[in-house]
Amino acid sequence: MTAEPMKPATLVSTILLLVLNGCAGHQQSAVDAAGPQAGRIETLFWFFLAILGAVFIIVMAAAAWTLTKRHRGIEQEPLERTHLPPPQTETRLTRVVTIATIATVVILFVLLVSSIVTGKGMAEFANSKNPMVIEVTGWQWWWQVRYQNSDPQQVLDTANEIHIPVGRPVMIRGTSQDVIHSFWVPNLHGKRDLIPSRITTEWIEADHPGVFRGQCAEFCGLQHAHMSVWVVAEPGDKFQAWFNSQLQPAPAPTDPVLQRGQQVFLNYACVYCHTIRGTTAAGQNGPDLTHFGTRQGLAANTLPNSMGNLGGWIVNPQSVKPGNHMATIAVNPDDLQPLLQYLQSLK
Amino acid sequence: MTGTRTIDVSGLKPWNISIQAPLWWGQLSIILIEATMFSILIATYFYTRLRMDVWPPPGDRFPGLLLPSLALIPLILSAGGSYLASEAAKKNDRPGMIIGLGLNLILAILFFVLRVIEWHSLNFNWMEDIYGSFVWAFLGLHSFDYIAGLVETVVFLVIILGGRYAERERLGIHVDSLVWYFIVGIWIPIYIVIYWGPHLVETAQ
Amino acid sequence: MSRDAALWTGVLAGPIIWLFSFEANYALAPWACIFQAKLALYIVSIVALALAAASGLLAWRQWKQLGQEWPGDGGGALPRSRIMAIGGVLLSAMFFLVILAQAIPEVILGACQ
Amino acid sequence: MNPAQGPIFNTEEHAQELTILERVWRHPRGIFGWLSFTTHQAIGMRYIVTAFIFLLAGGIEALLMRTQLAFPNNTFLGPDRYNEIFTTHGTTMMFLFAVPVMEGMAVYLVPLMLGTRNVAFPRLNAFGYWMYLGGCLFLYWGVFTNTAPDIGWFAYPPLSGPEFSPGKRPDFWAQMITFTEVSAMCVAAEIIATIFKMRAPGMSLNRIPMYCWSMLVQSFMVIFAMPAIMIASSMLLSDRTVSTHFVNPAEGGDPLMFQHVFWFFGHPEVYIIFIPALGMVSSIVISSSRRQVFGYTAIVLSLIATGFIGFGLWVHHMFATGLPQIGEAYFTAASMMIAITSGVQIFCWIATLWTGRLRMTAAMYFVFGFIAIFVLGGLTGVVLASVPLDLQVHDTYFVVAHFHYVLIGGALFPLFGAFHHWFPKMTGQMIDEKLGKITFWILFMGFNLTFFPMHILGLKGMPRRVYTYPPDMGWAAASGLATVGAFVIAIGGLLFIANVLWSRKHGKLAGNNPWDADSLEWAAASPPKNYNFAYLPAVTSRYPLWVAPEDQVIVTGLRNDRREVLVTTLMDAEPHHRYVLPPPSIWPFLTAVAVTIGFAGSVFNAWYITWGSILSGICFIGWFWPRRPVELEP
């Protein structure tokens, strides 16, 4: 949970969620907002829940009342002949049903206006000054990330992990390379589809530091389940430091094992798909690996990034993520260790 | 009939060749389905058109206006043939039905010949680009309906010429005229969309 | 206009007016942004509201002529006409509400949001 | 003298008339006869039984999915198999179960309720069933040859396009659609014509039974919604087979256009399933509360309004695609306003139950279950109507929970109620009430156990259509609970089947009208004769069987030596003319075979469309060719 004092609604939600889930982290939750956009939605949600919950209880009570014993004996006799209660009963019923209908209309108009106003507030977020623009491109089944900048020197390519500064609005410009994907980091905002031949935008902002998980929300084929993204919200200075170090090309290895690893990487088919800035590897069909060692996960965060997992992934990607598009390359056993060490060293 | 209240309908005529026949309403439903289909196709055509900057895509030529416009004459007249046949069917007038159906058939074939000639003048096919896909979808779907209607006319003509017909077949001819009005009627908006539409809008730009 | 035609108009006009105004507005929405003007949207909504009200009024007049009685389940043309007249009134009112509900976002939201 | 008991004519003449009716309406014998009969009860029953078999198939697929999702990182099914199964589950439930079963019920009940002998186009009716069966076999042919579609029941391009789904899998999906849509359209056309023109004399618009109103609205929705999916699936199919570019983004096609057209059908589709269920609920409520329904006019108008507004909701499936906000807001408004019409109906039923003399039959249990579940589903529907909220819960398990609440709660529960309610009519025997009530409780609890936790899963960020999930997301408990619930539902389903089988064998005889219900189907024998009524009934009230027996009216003077029915006027149902329905024929079956050859073959080679058209053209000519001398007499 966040450090702020708990809102009553949040308390209810926490209880509701704890009932079924124990104390699992809220790193991917629509009801644990970490930014203004998701916060607006969350507030609206509790408002809806309160009103609709009350409606539900009232309707259920009305329906259940028909079942009570006391009630069931009413006016039996005349019904048997005419199948119709006396006119005054009908008039009373008409009044009740009319009032209920008018109440329904009023409630729906209130909900409609509250929803539209929330939507307007969220759209006005797009007028924010000094936004950061991040291009997210969906691929089967990973995320290509590019930090846009008018200065080409400041454009940064990375993948599957997005760092953002806390308190600064970020515009996500989404598109897709192949099929339709949907970018969704529930703690920050709702989802936005990434559609080939179109560009969609979404505005997010984190109001406190944290690591938030996102996942593709539009069915995109075999490995739809394994297409997640981390959004790391950091204080401005920390973000800037990360950004600057990521802009650097990969350092030339000095250690002989790492040098060997680099040669292995460059000699195998890896280079057809992957880029490591600072080397001759400039493939465009897979994630940029320039600073691979800094990332938390591999294979679009299917596995934590560790030496062992990486080995398993390179040797047999299909066993980790069946159907994925990474080529299975027969890496010579002698070459594997240096390769892994080299990749892990790309900090 | 011991005291039961009854309505005796033995005095009512069997069959009725008019809008009162259930078949007429069934046919109307089918026509509504087809009309919806064509409307949606027209809507998707405009949807796609509005997303494209250049229309038609480079290389495609708009279809010419002369032939399709000329072809409208026999098409619309053929609906008249249908009308004659349908009125004759109501009155059980055999020569009238034959003349109406025959007129319908000849004019309809004439239209179709003109359409086939016009097909050959198109310089694109459905595989070329999305414009081609749409134009051919309109032509294909409408031609499918058209041929089906034509076959129906031939079948009725054969039945009437053979003389082995009764109320059911007369009702069939009446209802079939409804189909033919539709086939003719739906072509007009399609004609405007694929022939006139581009000439009016695209050159004006 | 014959009575039956008036009755059918009352019943079907509300929904059909809504359907057309709704489709028109939806199709116009992107253009409202391009031209930075919501005027067209307002016009469609206002015209639709007026027409729906008119159709309700037409049905109401029919209902008055038919004796302003709630339709029962009697046989023949009169009860059947009454249910159609009252149906026209209620459906027109319902779709007036729907058109109104759709006009609310037009007022609140900006043309390009 | 009560037509409910069948008029008692103690004359030889009457016995002779009945013999003639029996003979004229008899099913032809043998396998050939079985393929050619056209009575609506038999065809309705075929629809219902076939649909039920596919409900079981869809249910088994659901159990497989739930088993896979019971634990995180489960490997029971791989991604490929899982995708096939969830697609087949959705497709089966929507196209092979829900819509056809509603059509089957209508084909069975509507002519009986209207007091006529058959639907207006008996041969078209038979043809429609064969087309539906063709669609079923076609899809499951794919399932058993490893070409089951794996692209979701919505088949969004480009994923379903030639580039990203090579092979034949999406083609099986697209062409199955065509089969079932043809069938649905046939039923819609004949239901409309039947309700418009073949009502019992005296059944003016203000006396049409509620269920028939719901079917009328549903049929019109079919007519305006189904062409959209035919366009969408045909565009997809022609992109795949003859290289057109309708939805190919590389050549100017637009994947969103497909979504628009698909949902222009897809949202009304939900109401196509749900509106007949509302009619069933009304029927059950009237007969179980033993009073005239409160607010007949209001309910009928709500049905009509729902039928229209149902066409103004489709974009709420596309809120995440980044359309202009005003445009989206129109759909928010319409999606919320449709809750008014549902609300009015719920209020009217509760008011009826309040002041009726309630008899708690098993069917009534299902109606109460329907009210509880459907109201919750409707309220989460209001949540989904709001653009900001939808952006969070769209394509998550929250939506899965929502639409199962409205579809299972809103359609399947009423349908089970209807099965229990009309079982005596369809079989002549009573279904075991006690077992029925136990079935209800198991289904109700299993249902909520399965789907309620999904609301929370959705809010906790679990997307739909994932074949597995990591253990540290906090989803395991709710997901496991849902799996347990799914198996509880399965037990309920088995219990229902057991009840049906047992009651068929041991159920007590029902008699014509065991519930003392109001509508005309209860005036026919149980099960109904092929000709439904010895004498067609005429009605003098909205509740014809609740009228004093001496005031009930029958129609005489129809010729019984051919399949004659009475045509009445559209609004006031005054007798207009006599109309002769065609005798049984093999041609509808042969035509369906011909069309099937065309459709199925076209998946592999586009020319089959031509061959199929020619073949079916020949069959249609055979179908309409005048032949029997009896037809030639006036």
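The chains carry the letters A, B, C and D, assigned in the order they are written, with residues numbered from 1 in each.
Here is the rule we go by: a residue touches a chain if its C-beta (ideal position, glycine included) is under 8 Å from a C-beta of that chain, and two chains touch if they have at least 3 such contacts.
This is a predicted model, so every value here is computed, not measured.
Colleague: Skim through the chains and flag the pair connected by the most C-beta pairs in contact.
Modeller: Result: the chain pair A-D has the most contacts.
Colleague: By CA centroids, point me to the most central chain in this structure.
Modeller: Going by the distance between chain centres and the overall C-alpha centre, it is D.
Colleague: Nearest whole angstrom, what separates the Cα centre of chain A from the Cα centre of chain C?
Modeller: Taking the mean C-alpha position of each chain, the two centres sit 41 Å apart.
Colleague: At what distance in angstrom does the C-alpha mean of chain D lie from that of chain B?
Modeller: Each chain's C-alpha centroid was found; their separation is 31 Å.
Colleague: Take the average of all CA coordinates in chain C, do the same for chain D, and state the distance between these two points in whole angstrom.
Modeller: 30
Colleague: State, to the nearest whole Å, the distance from the C-alpha centre of chain A to the C-alpha centre of chain D.
Modeller: 37
Colleague: Could you say which residues in chain C touch two or more other chains, in rising order?
Modeller: Residues 97, 101, 104-105, 109, 113 of chain C touch two or more partner chains.
Colleague: Counting only residues that touch at least 2 other chains, which ones in chain B make the list?
Modeller: none
Colleague: Name the residues of chain D that each touch 2 or more other chains.
Modeller: Where chain D meets two or more other chains at a single residue, that happens at 254, 292, 298, 325, 329, 332-333, 336-337, 340, 543.
Colleague: Draw the chains as dots and join the ones that touch; what shape do you get: line, ring, star, complete or other?
Modeller: other
Colleague: Where on chain A is chain D touching in the complex?
Modeller: 16-17, 20-22, 24-26, 28-31, 38, 40-41, 44-45, 48, 52, 55-56, 59-60, 62-63, 65-67, 71-72, 74-76, 79-80, 83-85, 89-90, 93-94, 96-97, 100-101, 104-105, 108, 111-112, 115-116, 118-120, 122-123, 140, 178-180, 182, 184, 186, 189-193, 195-198, 200-202, 213, 215-225, 322-323
Colleague: In their shared complex, at which residues does chain B touch chain D?
Modeller: Against chain D, chain B makes touches at 1-16, 20-23, 25-26, 29-30, 32-34, 36-37, 40-41, 44, 47-48, 51-52, 57, 126-127, 129-134, 136-137, 144, 148, 151, 155, 159, 164-169, 172.
Colleague: Write out the stretch or stretches of chain D touching chain A in their complex.
Modeller: Of all residues in chain D, those touching chain A are 78-80, 83, 151-152, 156, 158-159, 163-164, 249-250, 254-256, 290-292, 294-295, 298, 320-322, 325, 328-329, 332-333, 336-337, 339-340, 343-344, 346-348, 350-351, 353-358, 360, 368, 371-372, 375-376, 379-380, 382-383, 385-396, 453, 456, 458-461, 463-469, 472-475, 477-478, 481, 518, 543, 546.
Colleague: Over in the complex, which chain D residues touch chain C? Could you list them?
Modeller: 202, 204-207, 292, 296-298, 300-301, 304-305, 308-309, 311-312, 315, 324-327, 329-330, 332-334, 336-337, 340-341, 540-543, 571-572
Colleague: Write out the stretch or stretches of chain D touching chain B in their complex.
Modeller: Within the complex, chain D contacts chain B at residues 1, 3, 7-9, 120-121, 124, 185, 188-190, 192-194, 196-198, 201, 219, 223-224, 226-228, 230-231, 235, 238, 242-246, 248, 251-254, 257, 260-261, 264, 535, 538, 550-559, 564, 566-567, 569, 575-580, 582, 613, 617, 621, 624-626, 631-634.
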